[in-house]
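Take this structure, written in structure tokens, and hold onto it; I'll ask about it next.
Residue numbering begins at 1 within each chain, and the chains themselves are lettered A, B, C and D in the order written.
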């Protein structure tokens, strides 16, 4: 069984800040949001975590390996360098979606995302070192088969984008509903999903579902390890196997389907 | 009539670079992609343009006001500071989608996105100063009515994300198909669309469509100006009017619906 | 005659901010300072200016080509993305040192650098377009002859640093006292000086002075143009000539000494 | 006795890269250098280290707490995100200067700083966990007494800079020669020195020396701990004591002089 520690990163009172005293320049908001995400990617990534930009004012991270002290350091570092602060809710569960639900509750219980008095919350359940195993995190890395040939080199760039967006939207809903998984678009034609313990058949099924619903053909590499970094790297290598072998589903342990 | 100058920014040979000699750490790719986008936001934004992250390896910008020399400077600056380079295709048309189609052709004609010999292309049609008017760019800034109350403070963070993602996916497809517009999620619950000359009824219609299809309620502020920065800021202020007046569609000139 | 527009960038109330409510982590202050400088380098550089990190809470820029509106945009962009704000004092004079003196007065007259009520000052004298010429800015780019062979590959890294630091300290004092010039260490073994109209003999003299006082051997390339970017690039190319020809002083127009 | 682990960070073949195929825009080099330093500040700082920008192409870090694996991760992260790579030489010694000398040898033995075939060296002596104590690192944080009142609010900004630069240059040479210490200007009017076990009298002496030679009045806070981060934060707090008590030398343990 997996045991995923999930952290919800929520920028405090961001909506109001963006329009006070009046609306701020969009290009500056985009710069701020992207750089905050990039910094969090390094801060969590330096300790083997993964973080996904999600909505930018709400970001989701897989943080097996980061304890309360590490989270506090990240929160402090952001407060020292940005004009905004972040609240962090943490929870652990075999189901990533359930863990995220608990993490979200941590913040909601403390106050609204747009409550100027609710800032820099840090709370929840951290996976104790003694309870950690090499099977805690399962990461699946999907990409579109030959996106460059089928879309990027052929269609208007926005139409390529629509096709990939539809594939992502269908996959994210299916993986959430059927498998309690959290899926994130990470650029190009790539989607990374954080899953509970799923079988190859479940992935085969997800791929067939997306192909059937929106006619987008995916392949996937899956990895399992102690941390998101490790599981994610195994998933990447497994995806390379899909590319070389022409298979649709490859697990980091060499099995394929 | 609008006259939108659109630039397609495509990272050269990115897919292969990310896995050569072997797959690179995901947290570093995320950092690289986000910071490249943030820098482009400043480089285009400093001259009144807007750029949207889109797929990160392919980004779309509205560049009325940036000539060939400005584009060359941006391209050179990226080459001086990143381990990758970018190609830029530019085109102008009253229809944003058509402009993007022509811009995409510029790059496709020169070679594949994954051709290691096709790098730093710069070509296309720049809107001459003498032809520019104060009505060249129409920007629409949508957001979800009370997203914080309905979703962020209530649901599991991924379910909030799914609702907003669905609203965006439905809006982007509709605006593209019915109105030749290019719509981009920009964080939080916000979507910015680059449109041709559309009437308030067209926006009313888009909002009704999204509400009907996926049950997500939007409001929109619309601005028109010489540059994306100006049009976008007018749209933001108009959106504030929606918030205060409780209207669904506000134009920067004070009319509402 | 040169006509240098100089801008003093001063972070508002920075000292107190770094220790309120208590001392902030040094690594975060270093990150903040360096990134603010990097962003200013792009903001000024995008419009052909140069900026030098100097003391990080006080930075000096050569801003021929940037008017009041451009300065206001830079100030606004910083306020949107950083937890601190900046004040900008501007002045123009054939003497760079005199221009900086006037620019400094702009800020000092408005209040102390550590006055929490003095923020985001923007004032001074901007060089009017009609008054600009191709000879407004003279930039000199010095480096140490064979620093790698003499120091970097031979000495303890701190001792290499001390040698270069001494060379810089001697040069900066001499150029200020004798020639009203502002000299800045820019990394490696490089120093860039902003000068009034100086003759080759003046540069020869400065080089001899430094060699005599601290036994550090310099060479220099000099450029003259309408903007810092242009003058600076000509100076860089002239410095390459020194390297190839073995000369000590090269001017961008081909003359050498 | 202290036991300082020092890392020399050297950008590989940087000089040639900056002028190939021809000189690169200075504002881009400044941006690149500053951001690389900022990233290293976070990468080392995330694990309780300190890094100083020094010459930007050669940077010095105090890395007690970072093992070989941590150094390799930092090196890999830079290679994934920058157009340059770094070599890392590491050594440990009670004397910071001696440790840096050994660290420098690591790189010099492998090849020149401007040898295109010498890249990404990683070697040296890492302080074993079992050998670490709470007294390994001594950090001294100096600043100029009332720099704002005496210089910043009174003098031309470059003349303030010259005064502070002279104070730094004198202090750095004295601390190196007399005490084997490495001193770094860190912005504003602050200098941080990495020292062996020094007595209050040694600091009193250094302050008197600088006042006598160049008429710049310093105060200093000193901290001792297991890591640079801890020792440095104690030093900062001790410096606050100097400010409040009017003393010249304060140790983190409460003693003053």
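The criterion applied here is as follows: a contact is a pair of C-beta atoms (placed from the backbone, for glycine too) under 8 Å apart; a residue touches a chain by one contact, two chains touch by 3 or more.
Heads up on the chains, UniProt names are A, B, C, D = GTP cyclohydrolase III.
Fair warning: this is a prediction, and the values are worked out from it, not measured in the lab.
The chains in contact with chain A as well as with chain B are C, D. The chain with its CA mean position farthest from that of chain B is D. When the interfaces A-C and A-D are ranked by C-beta pairs in contact, the top one is A-C. One finds 23 Å separating the Cα centroids of chain C and chain D. Computed from the mean C-alpha positions, the centre of chain A lies at a distance of 37 Å from the centre of chain D. One finds 43 Å separating the Cα centroids of chain A and chain C. Of all residues in chain A, those touching 2 or more other chains are 25, 28-29, 31, 35, 42, 77, listed in ascending order.
Note for the complex: chain A touches chain D at residues 39, 42-43, 46-47, 73, 77.
Here chain B touches chain D in the complex through residues 24-25, 28-29, 31-32, 35, 76-77, 80-83, going by the rule given at the top. Looking at the complex, you find that chain D touches chain C at residues 8, 10, 14-15, 19, 22-23, 25-31, 33-35, 37-38, 41-42, 44-45, 49-51, 53-58, 60, 97, 100-101, 103-104, 108, 112-114, 148, 152-162, 164-166, 169, 172-173, 176, 182, 186-189, 192, 229, 232-233, 236-237, 240.
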